């Protein structure tokens, strides 16, 4: 009955084991250790090219630091109106960039599209130095609405960004879920499509607290070490960040965990889809489901102890009635089935 | 043929005379002089209550400093999508507030309305500490589209703001034009309606470089002296800022100058309104006119030396064909009539 | 031979065990879990009063966020010229405070004293709004030079701070070592002496990545949740921060670990003190030792694989020849004795 | 009897005349006018090379914006402990740079010297990313203590800066007084000696409110237009900033005005030097005099209506008894002589 968020789950067993293994003897602080070097190399292998990788503990830090590397303080970050950087980070991107402006763009199902972005840019003409010059296009993969961009869709948006001189940031808090769902190579969703920086999420996918900022253009990473340090995001015992990714990247664990979460959400969607009067708001493409329950059912479920959050955003067209259900690596089939059963009971009891 | 902006005009003669008068002997620096005290008192008389007044040289400084006094760095400023603070100040509000987020809201003719604001707030639910809490409602009077809020309209928006715990900022770069157009008492448009801080513009209305930040609630002004100083906006020879307002506030000069500019715009609207194929985009309520010329006419006018700017914003529904024409205190009837004549010629020549 | 830093050690076994225990089932994210509540209560018991406690992963974050709660962006933070916030955090305090000024004050052995602070304040007269008004006195306990303030010394500095209207911040990255060394009650070193906010370090004392910002005046903590969130320092799986302090505060583990580190440093000091030509720069009061080795010995030790850092700061009077040796909870007597033996050999071999 | 500051004087007549002249007809806003172009060319001629020039209204803005162009937000600005940017701008440099650290260095008579700077840099070793990397050396010419750097002295400091990879900023609020005193070419004190950016003061030297930020390396000026705009320091009626410098640079007016102020200070020094019991604290090299009056005399003078400020800074060795006397372009011989006479009377009356 725990569908509040993928961050209500704990740490996947192999990640915890890696933390234990890393806890041997001494290691140089601040990332000068061997494990960190090995993990960086793993990321290079994963993406099939040289990358610069910086580890931090939270997605908010990863996004804000990455954006700060891409825009001057007076630049503009074009993003979805319902993106995490716009709605959920308490102004972190504005703080870390030194005051950059986020330009929220509305588009269906949490997904930006070239038309919407082009219209937004047209409406904000560049008349230096009066308006903020657009500097970054930020995409979220998978989106906040549980949908995914295909490699082609990412490519088309990046091409538009390039035309306008924008860099591309990808908030990949659920990147693993997107790759698992699409079955594509991670490179196809990122640098091959034109993405400059990826925030590769670990925390929602079985890590304790670990996110990787992956730069595909090392030149952009030049100042990152300073930015991370002054923001208090450089761990002294850095090897314990590295260990989490060591585990996730070992034998594709990251994809197995995400794939499982996706499968649980599909099972949930299938189970709920068979029930009367229940509306699914967005397609279920990764590990999230957005539904409108019949009147009174959400309340009844919460009384029974179920946990999930209402989903109210600028794009809401359900009068605030949408509920978000999230599955994680730790969700079981039994939990899903039990929840479906209880929803059915609550509907029947009306 | 100069309709590019009211800031292409120079300094009104009485303002220049006041600058001359102020240039006598020594005076304490940084606003400790007698003229500054007198001007502050004038503002109090004008608004019929005690006020705190701080003078700066630009409207961008006035707005950014005023907003910084109203919102914490993680707060949100609700504003029109086409407002000056959103589109024309290169991120100044974000810089001075320490990273506050501007939430752009679209509404017709540059004017916010309670429904649009309420919808925007509903779409950005407060879940502290995740989203930026809304902190300020910013109104522009007169608006960027040359329209005005009536006292009742301001009052309704302020009431909504109060309900949600927001402070109200008024960008009054063309406040004089609004008051002159509405014929109301300046208090009716501001503190009596619920406005907390007014940026009272001088520069577009015949000053050289002078704007007054007027706090109706002195408690909000507590830190302002520090904010202004560190931003480099405290003049050492402050009396020369005060002198400009001394002249403007003397015998209602500010209203006469603005009223003249308004009258010239009305004359322009009347003259152009009689021409075929020309569309007026927004009602002409102050000193600005927004028109779509027949195909080719804008270009032909520019070839003849006319100056005016295209008006492209998020709310544009004319495919980028709107042109903005602004009159100032210095615009003459002859200039207006000559321009109308030339427009007619260009239309006829098509 | 590992004396580079206390953060080269790993995680103390009871802390790792607590992380394992915390990894059971689901828990609400962002600190709404039961373990977090329990740990907050523990801190209250430890300090014998109500406190507000916020956990973050790094000392840099703890300090910068705490300072931001105490000073306006234009305020001044009086600190030791060799303090961590001045020398080692890459401008984090300046960033998080929105631009506050650090006023470095020199005084012997890393310890501020009332005379030095009073002189610094006298030399920076308040002429609002021209100079930055002093807002915070920051003390480091134990100091960067491995010395400690007694409760009376803290009290005298806090009294001076109060006279001048300053709040008091304590950087307690090695607070445990200070308390263990002084044998006093933690309250005596903090709120009873006048400290407003303590950054209580866990990481250098056996945690993986955990620091507690402890507010003794809850009113000062009002905005902290927002500040932490926007800085990306709010963990979603917050219980894993709490678990680390659960272990440290259980049965006085924090004092036992710190006491051990202190004892190892004393043993090191005693062992090296018996050697010829070796000079101890500061008194060894906690877990750090600062020495000048005879010519060539530091190099010889490094060739043998020993790790320790040179200590060069504004207060250095040894021409850059001081070396810093740090012991941790994980340092063993055998390691100390072996190092002493090798130093002796290197000296003898000259 | 007005010796409080050079900014208590008004506007020099030729500057006021230029403002009047500039007030003719329309002109493009924001510096796109012909007068601005002409003034920029004048600056190029004055310095004998291509320069980029940006005009703002205050010295605080000029300094803060110039520094922001030279240092990253995590960089360090080495400056004199008594410099204006450290003591008098309320944290403006910290704000505009996005949080850079000022490292105050003490040295006699307000003048940095290579030894003092080298010592300061040695005490702040670069261990990226831990400490703030030094990025800028800031010199004040003439200094806050009324002394001057010779071209050779500037050159030696710039050479040291270059060795350490620092850019050089010159706060020239009283640059005119320094050039007038030294009789050198302005290029010799600036770019030929290695200065990157000069803040060329106008306000203290007869302007109303005008300072020029002069970049000798145009590459450094790349982002300046954005920085100035977002800080609210781009005047719309920019020609009125340009006009002030048009007047100052015409026929060497800037040097004549400064030379007169210097001469008045020398006359004051000579007059007071003949009086018993009066101590001059620093050599009188430009238009400022720092004296310790005999006990009770400062108070007696103030009772007679004289205005001057006490001078209390970190370097004060007079127990707070130093008084600062400043002459301006508007100071007359009669005023000086009258003041000397009154000082004599006050001394005699003791």
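Per-chain residue numbering starts at 1, and chain names A, B, C and D are given in the order in which the chains are listed.
Rule of thumb we're sticking to: contacts are C-beta pairs under 8 Å (C-beta built on N, C-alpha and C of every residue); 3 or more make two chains touch, one makes a residue touch a chain.
What you are looking at is a predicted structure, and each value in this text was computed from that prediction instead of being measured.
Ranking every chain by how far its Cα centroid lies from the centroid of subunit B, the top place goes to C. Just to note, of A-C and C-D, the chains joined by more C-beta pairs in contact are A-C. Rounded to a whole number, the gap between the C-alpha centres of subunit B and subunit C is 51 angstrom.
Averaged Cα coordinates give subunit A a centre that lies 34 Å from the centre of subunit C. The distance from the centre of subunit C to the centre of subunit D, each centre being the mean of the chain's C-alpha atoms, comes to 41 Å. Shown for subunit C are the residues in touch with two or more other chains, namely 73-74, 89-91, 95, 98-99, 129-130, 226, 229-230, 234.
Across the interface of their complex, subunit B is touched by residues 73-76, 81, 86-91, 94-95, 98-104, 120, 122-125, 129-132, 312-316, 320 of subunit A.
By the touch criterion stated above, subunit B contacts subunit D in their complex at residues 2, 4-5, 7-11, 16, 19-20, 22-29, 56-65, 89-92, 94-96, 203-204, 208-209, 226, 229-237, 240, 307, 330. By the touch criterion given at the top, residues 72-74, 98-99, 128-130, 133, 223, 225-230, 234 of subunit C touch subunit B in their complex.
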